[in-house]
Amino acid sequence: MNVVSYRPRPEELSYTFGGRPAVGRITPGTVLEIYTEDCFGGRVRGPEDLPSQVCEFPYLNPVTGPFHVEGAEPGDTIALHFVSIEPARDWAVSTTFPHFGALTTTHTTAMLHPPLDEVVWMYDVDVEKGVVRYHARRGDFSVEMPLDPMHGTVGVAPAAFESRMTITPDAHGGNMDTPELRAGVTLYLGVNVEGGLFSVGDGHCRQGHGEVCGTAVEAAMNTVVAVELVKGVATPWPRLEDDDHLMATGSARPLEDAYRISQHDLVTWTASLTGLDTLDAYQLVSQGGEAPVGNVVDTNYTMVAKLPKAYLGRPEAYESAHARLRSLGERYLSSR
Amino acid sequence: MNVVSYRPRPEELSYTFGGRPAVGRITPGTVLEIYTEDCFGGRVRGPEDLPSQVCEFPYLNPVTGPFHVEGAEPGDTIALHFVSIEPARDWAVSTTFPHFGALTTTHTTAMLHPPLDEVVWMYDVDVEKGVVRYHARRGDFSVEMPLDPMHGTVGVAPAAFESRMTITPDAHGGNMDTPELRAGVTLYLGVNVEGGLFSVGDGHCRQGHGEVCGTAVEAAMNTVVAVELVKGVATPWPRLEDDDHLMATGSARPLEDAYRISQHDLVTWTASLTGLDTLDAYQLVSQGGEAPVGNVVDTNYTMVAKLPKAYLGRPEAYESAHARLRSLGERYLSSR
Amino acid sequence: MNVVSYRPRPEELSYTFGGRPAVGRITPGTVLEIYTEDCFGGRVRGPEDLPSQVCEFPYLNPVTGPFHVEGAEPGDTIALHFVSIEPARDWAVSTTFPHFGALTTTHTTAMLHPPLDEVVWMYDVDVEKGVVRYHARRGDFSVEMPLDPMHGTVGVAPAAFESRMTITPDAHGGNMDTPELRAGVTLYLGVNVEGGLFSVGDGHCRQGHGEVCGTAVEAAMNTVVAVELVKGVATPWPRLEDDDHLMATGSARPLEDAYRISQHDLVTWTASLTGLDTLDAYQLVSQGGEAPVGNVVDTNYTMVAKLPKAYLGRPEAYESAHARLRSLGERYLSSR
Amino acid sequence: MNVVSYRPRPEELSYTFGGRPAVGRITPGTVLEIYTEDCFGGRVRGPEDLPSQVCEFPYLNPVTGPFHVEGAEPGDTIALHFVSIEPARDWAVSTTFPHFGALTTTHTTAMLHPPLDEVVWMYDVDVEKGVVRYHARRGDFSVEMPLDPMHGTVGVAPAAFESRMTITPDAHGGNMDTPELRAGVTLYLGVNVEGGLFSVGDGHCRQGHGEVCGTAVEAAMNTVVAVELVKGVATPWPRLEDDDHLMATGSARPLEDAYRISQHDLVTWTASLTGLDTLDAYQLVSQGGEAPVGNVVDTNYTMVAKLPKAYLGRPEAYESAHARLRSLGERYLSSR
């Protein structure tokens, strides 16, 4: 088993997809162990650390990478199977941020209101017990919620010579902020440039649907990813697969366009996997599909379209990359 | 126990919320047994029955009602607990419809494309087994999906002297098309006119998130609703409660506004139920909330914001109307 | 010449399109003289008259009417030519209003901000000089702008048994708030119910594009409308015609859908008037068309699509109703 | 007078803002003569040249540049005064393009319709007469429209290490596609990187509002730009100034957000130029402002907010850069 470990030094962190040389080269079939910093670069460590003061634009939402996948060319697909995602600290943090979030005016939903208060919430992270603990800032209310680690930001270098802030989700992946991107899931990303150049960041201990206040329970993570390359198979928008579901994503504004992209991709993917007529697939997805909301706060919004594989007779997608990577991940975990 | 049964004659069906006299008067505390016709008025009965031919605008999406609730005045809330929702036939139907649906041009997302093909899918409904069976129209693919009956359309007369097509969801309820409106759930609707004037229709045997093709697995239903009136408590947008969750809804365009309304209402409702500061409630909902998509096809789109009551210490909402109505429903069912 | 005058008593004002009996019957070919109250019902008369205090929901944006047009049936079109629109007072008023306007949170773009300050601006109206005078509330800045009277709200009873608040623009007309609806213009409205039932209100001494703060320079008006009926010609969305332009409107959210509706209608109208192929008309409108913004603040947003008739060889629309009504209006004015 | 001429070789054209070294260095005060290719790279030269066949993604919408402005640093503003914009050929071209335009499904407004027909329209350009001539493709209809040359795409390198396709308009400028960007206008762009790195392209002989079919009357141009640098004055979104108007732009989706950005910037700019209170400025812009639509087809939509300077007492903006550059341009023209 080929295992590679990488822990970025602070100055090695990336703030874009595209526009940067690779920090390492990965052979398909490799298990990659990485450390990812939280979206604040680890600088918000207590209630007094207001992100607008301790963080400096554009040094936000750092990602670990990019990694060059040997042999990856435009038209191929990189498969990233998340073997494990483990909080690196016993605390995590969430905040409001001036003019960021779904229930506040923003840079583009521009209004004449002053910003909402900037507030920091510190969470206890208890991996043993499998919970995070929320504490109200005013009053002594406190409650535990299940730990459900995920990565908000995973992507490759975009097409068309673009370089995009890590905060933006689009066809190349990026800051999709979907809770579906948890351990056990394989993410498929279409390759736009030689080597693909994928990066991973923005770990969340858990996240509500839409990330309504603008940030999740943000945490540094120790993450293990099993990497494969599917040659000659293109992927128009990021897709996910777990043991029981196929998932398509869409990232755009307004939110209905994110929904349309994800549902359109799920419908046409379903048709191509099963041989169903497009309208028959449209009907089946209409009645059997779910639509978990990703984010409604970033520069593009993200929706996921999700269908049980059982409804389709468990078709093989991406030459069974998910099954193979899952098995590789299990071998890795049992050898650890 | 006060039980009232009502089965509308075809000419008694309503096509608006508001603008119609009540078909009956209901005392709070009553259990109401009703029959609701499907969204096609029962006229689509086989693959050759194209809705654009067998249905006549505006006689679409009929509802049963309206019912006048004794004592209901503007500023009160009507609580409707869905005791049971049972398909009235052993078949159900779904269709595409010209220029209706999320992946087609529409009346308002106006484009120069001709409509997609109009196609009818007939479903088998097996209540015993708890499934519906989908059949592809082209090819012999077939699959069972769980039966999960719900009502797409429930509402009261709108404010401001309005009368609205049943197809439109808004602050008065209407065609929200959320799968969350299933048996076991209590729906809270703010009263705008004397008597409230609620109606129920548009049964679905099941529905995917967003109802992407424009229609669900449409069926006539035999439905039992337990009715209460909460005096002096206003409800800005329809809310739902089940044993474990509080839910707020929002209906608007674009879809992010439906999301904003529902999340805003859940945040402020949470704050008022618990005494939490608004930003503390914002934070808690951000990490603990779900956002099930209702519809992304109707004249307004609908989103639901959903939070486990456990996170809030199981507060009492609406003077415990849900618990009381649930108990009334159980007595009704055990007496049947 | 058949001239009818009507000045509503306060209790005769309407607050909806649809759901009300006619206040009078009009024979096609009639010149109708009416008085319209301002959007505040005349209750905001000075800087201390905050609309949220002196006005009572839903008694906002009153219209004069509805008028039954003899012989009008669904599928016909009512042509309303605005002969003159004259401010009835020497003052007018504009205000902010809590949670209303394009640069503030609203009922549907729901956020956690408190409302902006509610402020009243009084304007001097100088008909002789043809100006209105703006006065800043803080400081002594003052400036004159051209008087350009228009009606924000004109419409007919909606289809599908609906009754809609006057504040909402849609396919039936309503609160389109476009500065294009000035004297010299003919408005075409599709008839949905017997008699059509048109109403007119919401005079503005002038208005910027989009009515960004939520209100224009609001004024009571003495208005003269010449009325015709075009039998057997349907109108999908309100259209306007002046001596030199054809105009189509669209009202929806998001704003791009209002744009799409208006452009789609202008393209297909152009094709039907000229015999041009649809894509040829699409191209011509793309290069020659204007798109004046109506409102970006009401419950639906409104866009106008506008094309010089000269580009089309000055085709006859609506059986030359505009030319006939313009001539009728001139005769009326010269006889006055 | 410092005059610099630059005509790019084909391989020197740029397809992004950002991510490219400068093609030349410009001293503030310089008059720059450039040639810009059309959006198809000059490859669509007749009705058979379908852009999807003769053009290759991402080699679309080339720009001339980038130019490094000596001394420009983040926080400064580059002022580009368009002295003249002259069509370089006696023909121009417009087309539909698969899944691009406002009245068709797109990459993000994803639907199940096949694309509209791809059609090319060739225009005659008559600079003497000041017209372009449209010819219908089906039938022999033909009409002249005024020549009104403009640039669709002008911008600087974006912030945050980004590199963006030239087709995208955003805070850095880019493909705003507003007809307001014609000769006589000064464009202000905020500097994000050392030297600013501005580029110019996408000439249009004329364009309707919104560019509804996706392309304008596309042409190569010989363009003269007078360049200045305003030190220490930041510009949040591109602004324009002509002899009589101030203009702010916004580029975003949905279209109401583009409107909000542009109006918000015009309101706050107005307040800062005049000392008016923000709400007083909001009111003044509401009644006196125009809102010309830029594009409703690109990856972000663009709106312009426009106010007569006369309403503000003709305040000095950007240290009177417009007046100085206009005068420089006149000297250049008279010396030519």
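Quick notes on this one:
Should a chain be cited, it is by its letter among A, B, C and D, assigned in written order, with residues numbered from 1 in that chain.
Definition applied: a residue touches a chain if its C-beta (ideal position, glycine included) is under 8 Å from a C-beta of that chain, and two chains touch if they have at least 3 such contacts.
What you see is a predicted model; the values in this text were computed from it and never measured.
Among the pairs B-D and A-B, the greater number of C-beta contacts is found at A-B.
Ranking all chains by how far their C-alpha centres lie from the centre of chain B, first place goes to D.
If you average the Cα atoms of chain B and of chain D, the two centres end up 48 Å apart. Chain A and chain B, compared by their mean Cα positions, are separated by 33 Å.
Residues of chain D found to touch two or more other chains are 103, 109-112, 116, 253-254, 260, 264, 267, 279, 282. On the side of chain A, the complex with chain B involves touching residues 94, 96, 102-103, 116-117, 119, 121, 132, 134, 136-139, 141, 143, 145, 206-217, 253-256, 259-260, 263-264, 267, 274-277, 279-280, 282-291, 293, 296, 301, 303, 311-313.
Only residues 103-105, 109-114, 116, 254 of chain B touch chain D when the two sit together in their complex. Those residues of chain B whose C-beta lies close enough to touch chain C in the complex are 15-16, 18-19, 57-58, 107-112, 159-165, 250, 252-254, 257, 260-261, 263-265, 267, 278-279, 282.
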